[in-house]
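Read from first to last, the chains carry the letters A, B, C, D, E and F; within each, the first residue is number 1.
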Amino acid sequence: MVEDLGQAGDITSRSVIASNAEARVEIVARSAGVLAGAQAAELTFTLVDPDVDVQFRVIDGSGVAEGDVVASVEGSARSILTAERTALNFLGHLSGIATATNDLVQAAEGTVAKICCTRKTTPGLRVLEKAAVRSGGGVNHRLGLDGAIMIKDNHIAVAGGVGPALAAAQASAGPLTSIEIEVDTLDQLDEAVAGGASVILLDNMAPSTLRKAVARVAGRARLEASGNVTIQTVRKIAETGVDFISSGWITHSAPILDFGLDFSG
Amino acid sequence: MVEDLGQAGDITSRSVIASNAEARVEIVARSAGVLAGAQAAELTFTLVDPDVDVQFRVIDGSGVAEGDVVASVEGSARSILTAERTALNFLGHLSGIATATNDLVQAAEGTVAKICCTRKTTPGLRVLEKAAVRSGGGVNHRLGLDGAIMIKDNHIAVAGGVGPALAAAQASAGPLTSIEIEVDTLDQLDEAVAGGASVILLDNMAPSTLRKAVARVAGRARLEASGNVTIQTVRKIAETGVDFISSGWITHSAPILDFGLDFSG
Amino acid sequence: MVEDLGQAGDITSRSVIASNAEARVEIVARSAGVLAGAQAAELTFTLVDPDVDVQFRVIDGSGVAEGDVVASVEGSARSILTAERTALNFLGHLSGIATATNDLVQAAEGTVAKICCTRKTTPGLRVLEKAAVRSGGGVNHRLGLDGAIMIKDNHIAVAGGVGPALAAAQASAGPLTSIEIEVDTLDQLDEAVAGGASVILLDNMAPSTLRKAVARVAGRARLEASGNVTIQTVRKIAETGVDFISSGWITHSAPILDFGLDFSG
Amino acid sequence: MVEDLGQAGDITSRSVIASNAEARVEIVARSAGVLAGAQAAELTFTLVDPDVDVQFRVIDGSGVAEGDVVASVEGSARSILTAERTALNFLGHLSGIATATNDLVQAAEGTVAKICCTRKTTPGLRVLEKAAVRSGGGVNHRLGLDGAIMIKDNHIAVAGGVGPALAAAQASAGPLTSIEIEVDTLDQLDEAVAGGASVILLDNMAPSTLRKAVARVAGRARLEASGNVTIQTVRKIAETGVDFISSGWITHSAPILDFGLDFSG
Amino acid sequence: MVEDLGQAGDITSRSVIASNAEARVEIVARSAGVLAGAQAAELTFTLVDPDVDVQFRVIDGSGVAEGDVVASVEGSARSILTAERTALNFLGHLSGIATATNDLVQAAEGTVAKICCTRKTTPGLRVLEKAAVRSGGGVNHRLGLDGAIMIKDNHIAVAGGVGPALAAAQASAGPLTSIEIEVDTLDQLDEAVAGGASVILLDNMAPSTLRKAVARVAGRARLEASGNVTIQTVRKIAETGVDFISSGWITHSAPILDFGLDFSG
Amino acid sequence: MVEDLGQAGDITSRSVIASNAEARVEIVARSAGVLAGAQAAELTFTLVDPDVDVQFRVIDGSGVAEGDVVASVEGSARSILTAERTALNFLGHLSGIATATNDLVQAAEGTVAKICCTRKTTPGLRVLEKAAVRSGGGVNHRLGLDGAIMIKDNHIAVAGGVGPALAAAQASAGPLTSIEIEVDTLDQLDEAVAGGASVILLDNMAPSTLRKAVARVAGRARLEASGNVTIQTVRKIAETGVDFISSGWITHSAPILDFGLDFSG
């Protein structure tokens, strides 16, 4: 909100709207999807003016249809007009993520695969975007670099192979430190299992290869598939038996879900 | 970067990569577009480690083709791997915006219309996203609510009409305060000109109506068209003679431009 | 308030005043002027102790006479004595500015000229000082360097003249970017009008020259006079027909308006 | 500087001045006085651009004559023009305080009295203003409420007299806690000495009364005179033999010392 | 609390405890000592959730026996479990300091000596630790380097002796600036008294030497003893007649006082 | 450092030490232990003055003997004396933790057990204290509440048993979310293994019970022992075959390791 108010605040409302004018408005979905960001939107209004009353009719994670009233807002007209844009920006961006996540979750329904996000998030908004993924029915990958050990191809290259990388990781791990490693081939997969990885990332493998990997590991580690995950491909990937399917697209490129603000009185 | 490092920093690199290992990597465009965010990406690396050397080969606003090396990065392998994700997140997000903006700019080429953004930006990133619009060849609308007076339909409704709203705005305006007002009809347009607005926003008007508006105003105010602006429609809007065409989509829903990081030594 | 409390807080009140002692005091004007800073003063008390009750009897912008009670304050004696000095510092400094501004506004009454401030403000207090100017009946110039384009003599020198400077400014301007330019001569004035400046600053010109400038521009741009503006000269400047008269003195050198705190029970 | 840059920075210099233009300017005193704030002014330039070279020719506390060049500044023209206003605001405000302080110091020369400031400072600038007082040859009173115990009339009233107030203060005092008390009469003065005060504030007493107080205390405590201290009265007060003379005017109402910035190449 | 919540908050309570589960718990002392930190502990709960009700039954400075219930806490089970650890960390650490201080205070009872702390505090917690010393019955030394002038052996060495160091200190001292100096010998003590020190630190002197120092100074300055202060030695030091005894151990190495949290319903 | 400098900085050094005096000092261990906090100590000096040169001769994790010079510091005498206390406070506190940790690590040598810390840290210093544990040869438990799911007795009580608590945890877990649960009995241990816990905390169990637990789990989960861990008991606990032994004492109550600063020139 600070970036929108700047230093001098909303000079339009201050000059054009009487300081005692009251308004009652409704936030309306302009298309169908899954709601997320209700708390951020509500907070935007109450930070501007603690006396504005915001009532959401649906909670994060609910489906909304085009034309649904998701919230009503009542209070000082100046305050409502000042907060409007930022509140809708939060709601649109986060509901866009929840909707995109939910599309994948629906497509994978009935399989064991959970849909999860990555660290490809908009700088500054990761915590909110990760919550939006949960609202869409997904689960979260590590929040940041300090959440767990995740050894990628470049780490393996510098460390001198899957085995040495996993050995180094084990040595420094405390009781709650999970270790994941990315593998490109089934041979690397065997090394990773032997090295005691808790989770193994299968990057850009075809469904047939994923199926082989699942069979080979036989429950000794959890498996995550990534790469080329779209609404078209996700079902096939989910049916291979992997535990997790991760997508960067749901956080970095999902279009917003459009909301508007209608005056009701 | 702080949200990615968390409190404990990159525990993977710390455990798996030797503290004195050096690396040299290249940032490569995975598709074609316009670059933006070079400075934010560079800063991400140097905040993690001031001794990492980052050399961008192209500057913000340059076109890039798929496979182009846009920068080389050299220094501690730990530091580079730690900063990688956040740097690419900035580059991808901001170049996505510059690319979307530039598509509109190209389509309007040869007309007087400038492409500009709105306040529909990602919360927390407005300043960077506005700079990305400039990199794409667009110009910026007001940065925030304190930058100028912009009277929208809801303000007009509460203030009691175009005339009273403009009169109130003029009374409080200092020497450098611009005043813009949104109108829905040509009658309102006449009122807005009479009231001394510097800029008039023509919302959701058909090209034929825009053309009439341009003729009617005859240079007494600058005109901005908004609503239903896409790569398909923008040329027709530009040809009506309006001064500015504004789009929220270029900042709130443009997909990222994909970049990767390749080890070169 | 933080700079006054330091880290350990008010050790005098803590050691000398019983923690449950209550007090009722009045804030009294020690000389006549215009009030500003009521909100900052009230906030100072309530930040120290949210249970202190502060009631201002007059609002910012009101005239006060020597001896007028402007507010009553009731609550914990410790809290009131702790906040007293900072609250009075705000009130005195900001009312001093409002009073100085109002002196100029009164002197220019009946002309079209509005009194406005400059960026010559006390570092850290600009937003409050600009509001105090409004309380005194003045209007605000741009808040900071990002609020508008204002081309001064040094910019013109580096850019190579009035024409090139204005052309460069126009090229980067969005729909709401105002452009002002400073001129020293009537020749430069003609160039500035031709270059499309929205506002022109006439620096240090005699009233007779200002009058010529007003006639020459004939409404094609707004005109601002600055330089040597005092309570003695301001009327003569205002009568030339300029739109704005700006003064740095009202923010950087106005003496405080004195207020005291009297115990009433 | 942040309040001047806003979020988008100096849009004038960015649009009008070439990014590689260099400039060399001099900061010149427009009237005579004592310099203070050189470090704050220099920091303003280098925060905007670490490559700007600022060389002060005189240090804080030096006298300057009208027309003296106090510093030269060299580097990017954009950076210099961006930082100019804030740097001069610091220099003018703080040198104004040093000059006002020094006027009092000069007037009291040859007596034992030291000139000191109060807590009547501009909110947010206390540390810098206290340093400016030192540059002017004065000494500092406590920095804030946590620096020492200072018992004023209102504290005495609430605590039930000079004796009880001092006893309470002594009980909580550590080895380095100074205790000062304000007295209005010579009877209170006796009580204060008996109660073990280290410093006694003699508020608004005539020189003849001050002289009696000095004789009566005979070195058992240090004495500070305040109230009605001006350039006209300060000598008479100093000659009474008090140890300190405090003035709020030097920090809250001293006019700025004017400085300008001349291009030299 | 922020360091414990991290960015994603308490993921255990969020996943395992129903969002509407309520709990009522008691904070119980697991050993005997003096309470401190009640306010910090209460604030920890209410920062996590303003609706948690925290009632302390004893106030800071009270003695507690093993098994005493010091507070009851009621509200959302999630919130209580989230805040528990940080609240107990504050309570244990600060009560440990109050207890250690009080042990010394008790041992010195009946003498004039006050127990005081030093600047050897845990980085970041000084203000709270100094308050805990007061809760234990001690008084505070200066809060930080800006609170008073304290000349140690290294300062004397660099300044060229006790006399020159004190002279320099006096020259810059304002009315409320206390001056303390550390001496190692009785000769230095004489110099310090002659130089006008308000307080003299007698470092690492045997009780017999301290007794001589007290006699020699005869009230002309206050005396502080430090070095080798333990529960065994403190009585002997106090009986020498010194005004203050300072200990670093009470803030930097006191073990925590153990508290636990029992569910009561 | 900020809490020590306060607002006005080191007024002793400023008044007593010449601004151009140089010094060379050595940081010397006053007793034997393991070093930690070198970086924090160095940063303290360079934050005060970037030109102070600090050279540590040993790195964090090294053993030091009484009298060992661990670092030399050279530069402005004022700056060194200003930073001294805070730098030694960091070094003493963190080396105290490393030393206490290392005592336990040495005692457990030759077993599989790793020593780890808890969340019982000093508020505000957790990250540094956790690093000190690593310097002492220990490993880290989760950094905060967002690092992993850790189900304690109170969570189990509220959730309705070990089974339901683990089921709820699994449902929300992403690929890298570790799950630990605390058990009091061997029956609960069986439930925990059946519920798929990755780590099981055995609280306050006798070595004989721990041995049975190790046998019963047979590698299906990692085991952590806590409660009553001292230098006397740790060996017996380690010999039971548990994977981790956690101690709160090493972070919340370890006495400081004493360091002094000797002038060498």
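Some notes on this structure:
We take it that a residue touches a chain if its C-beta (ideal position, glycine included) is under 8 Å from a C-beta of that chain, and two chains touch if they have at least 3 such contacts.
The structure presented is a predicted model; accordingly, all values stated were derived computationally and were not measured.
Taking CA atoms, the transformation carrying chain C onto chain F includes a rotation by 180°, reported to the nearest 5.
Computed centre separation for the pair chain B/chain E is 54 angstrom, with centres defined by C-alpha atoms. With each centre defined as the average position of its C-alpha atoms, the distance from chain A to chain F rounds to 33 Å. Each chain gets one centre point, the mean of its Cα atoms, and the points for chain C and chain D are 23 Å apart. Residue numbers of chain E whose C-beta contacts span two or more other chains: 3, 6-8, 126-127, 140, 143-144, 146-148, 150, 172-173, 177.
If you sketch which chains touch which, every chain touches every other chain without exception.
Residue ranges on chain D touching chain F, taken from their complex, read 126-127, 130, 140, 143-144. Contact residues of chain B toward chain F in the complex are 6-8. Note for the complex: chain B touches chain C at residues 114, 116, 134, 139-143, 146-148, 150, 172-178, 180, 198-199, 222, 224, 243-244, 246. The touching residues of chain B, counted against chain A in their complex, run 3-18, 21, 23, 40, 77, 81-82, 84-86, 88-90, 92-93, 96, 119-127, 143-152, 154-155, 157-159, 165, 168-169, 171-173, 177, 252-253, 255-256, 261, 263.
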